[in-house]
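Listed after this line are the structures, all set down as structure tokens.
Here come two complexes built around chain A, the first alongside chain B, the second alongside chain C.
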Partner chain A sequence: MPRTLGRILIYTALILWTIIALFPIFWTFSTTFKVAKDVQLGHIIPWVDFKPSWLGLRAIGLSPDTIFTESTPRAEFIKRFWNSIQASIGASILALILGSMAAYGLSRYSYHWKIWKNRDISFFFLSQLILPPVVLAMPFLVLYKELALLDSMIGLILIYTLSVLPIVIWIMKDQFDTIPQELEQAALVDGCSIWGAFFRIILPIALPGMVAAFILSVILCWNEYFFAALLTSSYAKTLPVMVASQTGSQGISWWSMAALSSAAILPLIIIGIFLERYIVKGLTTGSVK
Partner chain B sequence: MTSATTAATGHAAVSAGVSPERHRLGSLLIRAATTLLGLVIVVQTLFVLGYISFGFSNWLPVLIAYVLWSAALCWGLVLRDGEAGWRAIFVLPAVLFTVALVIFPTVFGLFIAFSDWNLQSANGRQFNGLANLRQLWADPYFWNALGNMVFYVATVVVQYAIAFGLALLLNADIKAQKFFRVSFLLPFMLSPVAVSWMIGKSMLEYRFGPVTNLLRWLGWENPSLLTTPWLAKTTIALMDAWVWIPFMMIMILAGLQALSKEVQEAAKVDGATGWQGFWQITFPLMLPVSMTTIVLRVIFQLKLADIVINTTSGGPGGATDTISSFIFREYKDRSNVGYGTMIAEIYLILIIIFIALLLWATNRFMQRHA
Partner chain C sequence: MASVEIVDVRKSYGDQAVIHGVSIAISNGEFVALVGPSGCGKSTLLRMIAGLEEITGGDVKIGDKVVNGLPPKDRDIAMVFQNYALYPHKTVAENMGFALKLRKTPKAEIDQRVKRAAEILDLMPYLNRYPRQLSGGQRQRVAMGRAIVRAPQVFLFDEPLSNLDAKLRVQMRAEIKELHQRLKTTTVYVTHDQVEAMTMADRIVVLHDGIVEQIGTPLELYDRPNNLFVAGFIGSPAMNMFKGTIRAGAHPHFETADGTRLPLASAPAGSDGLAAIYGIRPEHLTLGGDLKPTVTVIEPTGSETQVIAKLAGEKIIGVFRERVNVKPGESVAMSPDLSLVHLFDAKTGNRIS
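Then we have the complex of A and B:
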């Protein structure tokens, strides 16, 4: 029975890797509900190994008994969470607007700006992907200081937009290339302007690509740490910076770190479970022809 | 910025159907906006250099002037060139945005790189020529970090092999494919900072982390994962693999699914074993996708920083350092902007050479196997 054996091997391997992929996530969520003793004894399964307590959530003021009372940690946490939302959503929207327009232009028209042709402009955008954040980090630090944009939301949004723009253009150009040109030509004959055709005919068709580009941008910006750590301090600090600043200090309680980490990854896990189709679509753009 | 001003010249010939007044109005608008921007820059520069007594307290007004100039340029192009202007402003905003945020800082970065500039010291910026370059040449930590980068980039091949295996598993005729796909993808979406804590600081905790417990149970007496240099490097590479394997797996899976069914059947039936079918049919057909995946992955790997910064801060003794984490500390701990920027610029040049070579090599390779 080699076939049955093969199936058993396949499922064993699948389950093994599922455990590798999911255990750290499970560990983080469950550690939120552990007291010091459970952590030290290495207890793993809730209700069997240990009795869940609200310790972790209480530390950030989100447990049932503290949620309606004043709480400084909670205020701090919500501020950082909100900052992360603003930075990632704001940058993604801006990148989507700039990127969709550029991708559409590059997909439909041929430009001759002096020596610049479509290929050069596309390469110019995509080459930004190679640029490592460190190269821009310090000039930006000095520049933002001069521009009074240090530790500001706008500054962070601008630099995040820059970092996801090449990816958005890449995904959107691929998307527009798949839409037949006859569609706008028909619209133009009917008296639509080129921008009218873009907004009314093409964008609705390109919506799946836009969703994919948007979600991917949100994920990347949400997780971004390097620029946030360098360019923000008290006002515009984002959630990853808050998590990182807590790991450094000794004696920080495990449950509250686990609670913070859980909060940082929970939105992405929800996105991952429900919008996986779009993430895959965004990631695999252009790789398979 | 000149590229944008000249944008319209190419279109001047096709600006049929635009009345002369409108054409003139458009040109006037562009010229007026350019003059205004130039004026703001000149005034502010003179003020900062101390030649004149009026000006702005910071450079923010220059940025605002640039934004207004960009808007005026777009509007002026539409007025002047009509249809061609409408087309140009699809791409122009993104170009202006990127130019302002990349070209200027990069050039400015070169300026910083050749200076002795510590943000903590009262001396401010001082031009010091090639001193930073000389310091870099003699800095063992830089060469050490560069050596580590070679190691981290090399691990991409191992990640690729694992990712290919997982993609083949997912592409097999299995139940609950969606469940497994989502589970496998999740690590890629997590914040590296959170991963550093979840795995690096808590699961690998020496006394009671679940992984160290498991290793002890397996008979390893002293699993000092993050304090022994070579082990620490391997551990970081493993954490990085945990995050990035899903990315490669998804790319390869998409490639596998794009192969035609006949090819897959042939791979199963024709060869004596599945193993032969894989090496003779599936793997060669997957080469283009594999190359794209590996090149993309290498590009991302060269930016590796977050996990190192948050798990080991480059330690023990620089064993896990990447160039990015090294520069990050150079700034964070020593505020050494000048030297840090020099390393960054040199690193950028090395990256560009490396990627160009990589692309050239893959192209050659693909042509030979086509």
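Then we have the complex of A and C:
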């Protein structure tokens, strides 16, 4: 029975891993419904260990008894949520437009400036990922202050664009490299201009990669905390910063923090479930068979 | 339709020259094949006609108009690529109609022209499929369809058949030729397969290392190759060649280094003692005669027999309609058809006539 045994082992491992992967999410969701005592005593299983309460959701005005009333925390939450959406979607769109064009250029034309060629340019883009963001904290703070970009949506979008651009360029260059040059050339002969060939032929073929790059950069921007905390205060603050600032007079309000975190990861979970296909396809396969 | 004229065209990549001044005049409606070994610059030349490659020097004219600076879309040419380059996200019909759509042709007319091309190419059942759902041969046809739908001035083909299996290749060869007879569009066809060039083209341009070795009809090239390269390249199996010296006199003949005598009808004037190459095609040898090469391999194909033998230290191949009853190791008598012997100068490689 070595086959059955093998299966049992594989499934055990898979189940174990699933539990490990899902536990933090479960903990976050369940903590939303705990009171201080349950958190401190480490109660885990609802209804058995502890009695669920609406405390967490009430703190952000989303519990059944507060949802139809005026609520300052809820307004604040919606504002931060909206900021996060703006920052991550805006930066991702910008990065995708700029990144696709840069990647296309790197994939199709040979540039050189003195001793530097395409490969060096590609490496230059990627090398930005090597530097820890902390190193850039002071320069950016000073720069943003000079440019009056502190605590502005535009400022946040710009820095997010900058930070996801290398990854977008990387993914898109990979995509374009798998598309044979003859395809654009056929389009040129058929009557397209260079831009026409790019938009009508190349972009549609590279779409899976673009979707993957877009989703990935949305996720990265959505979760970003460091620059948001550094460069925003009251106006452009995003959800992660709001999550981190849930400390009241009696210490950390775990329940409201958990409620906010749940709301913050929910969109990502939805993206993950519905668009996973595209991410995998875009990242693994060349688009032209 | 239009004529195509290439005047002293040159191409360099950086400081590396790959085309060294090529001139070809192609008249209206002609089917010209560019042949040559891999890397000789066939594709580069074709792509310069298409406008996909910058021209370093010289002029390309399509219908009397110099097109050097024109982008491909303004040259009114259609091109079929080696890997077909079908748009994977468009159906067969959309692939074929794309060029017309870009020209803002009315939808009804696009449909009608695509349909007509599909009928010619037997593609009717596949119009709504995507390229990935087609076989190699069908994809090849779609690529041709995309070219003919437009009724361009010039067709350019870059080794369109090299991805097909042998049988399909022969079939498509005939189809392309038939298509040309029907449409009479000026065609430039690149191939490294001399049989393809011989069977399809009105005229053949033999390229070698970025220069033209010879331009002529298939039979001109076969009958009177200008130099050793063309002699060796055109014809299959290749021409037999022997190094040696021309001996004029009462009994003109050709003497190889080991003293073997090869017969000549006559020695060209003033060629006595000239170091030369003696060439005779395998199919111009007949059984019986003075030459006694030693057989190494016999390859009967039914209709003919190919005899591979050794003479004067060189390989000699003979192709005979008769059946040959000798075994490897034995010698077989054969003789060249004297009127079909070729002589080339050993130094320059050029034909001596």
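Everything that follows uses one rule, which is that the second predicted complex is superposed on the first by the 246 of 289 C-alpha atoms of A that agree within 3 Å, B and C clash if a C-alpha of one lies under 4 Å from a C-alpha of the other, contacts with A are read in each partner's own complex, and residues count from 1 in each chain.
Throughout what follows, contacts are C-beta pairs under 8 Å (C-beta built on N, C-alpha and C of every residue); 3 or more make two chains touch, one makes a residue touch a chain.
From a predicted model like this one, the values you see are computed outputs, not experimental measurements.
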| item | value |
| --- | --- |
| Three-chain arrangement built on chain A, chain B and chain C clash or fit | fit |
| Partner chain in contact with A:I205 - chain B first, chain C second, else both or neither | second |
| Partner, of chain C and chain B, that touches more residues belonging to chain A | B |
| Touching partner for A:A186 - first (chain B), second (chain C), both, neither | second |
| Touching partner for A:A264 - first (chain B), second (chain C), both, neither | first |
| First (chain B), second (chain C), both or neither touched by A:F214 | neither |
| Partner chain in contact with A:G42 - chain B first, chain C second, else both or neither | first |
| Which superposed partner A:G196 touches (first chain B, second chain C, both, neither) | second |
| Partner chain in contact with A:Y278 - chain B first, chain C second, else both or neither | neither |
| First (chain B), second (chain C), both or neither touched by A:F81 | neither |
| Inter-chain angle, chain B to chain C through the CA centre of chain A, in degrees rounded to a multiple of 10 | 80 |
| Smallest distance from any CA atom of chain C to any CA atom of chain B, in Å, after fitting | 6 |
| Chain A residues contacted in one complex by chain B, in the other by chain C | 193, 287-289 |
| Residues on chain C engaged by chain A in the complex (per definition of touch) | 50-52, 71-73, 77-79, 81-83, 85-89, 98-99, 102-103, 132, 146, 150 |
| For the chain A and chain B complex, residues of the former touching the latter | 10-11, 13-14, 17-18, 20-25, 27-28, 31, 39-42, 44, 98-99, 101-102, 104-106, 109, 111-114, 116, 121, 124-125, 128-143, 146-149, 158-159, 161-162, 165, 169, 193-195, 198, 219, 222-223, 225-226, 229-230, 239-241, 243-244, 247, 254, 257-258, 261, 264-265, 268-269, 271-273, 276, 279-280, 283-284, 286-289 |
| Residue ranges of chain A touching chain C (in the complex, touch as defined) | 180, 182-183, 185-193, 196, 201, 204-205, 287-289 |
| Contact set on chain B toward chain A in their complex | 3, 6-7, 9-10, 58-60, 62-63, 83, 86-91, 93-95, 97-98, 101-102, 104-106, 108-109, 112, 165-166, 169-170, 172, 174, 178, 180-187, 189-199, 201-203, 207-210, 213, 242, 246-247, 250-251, 254-255, 258, 288-289, 292-293, 296, 299, 302-303, 305-306, 309-310, 323-324, 327-328, 331-332, 337, 340-341, 343-345, 347-348, 351-352, 355 |
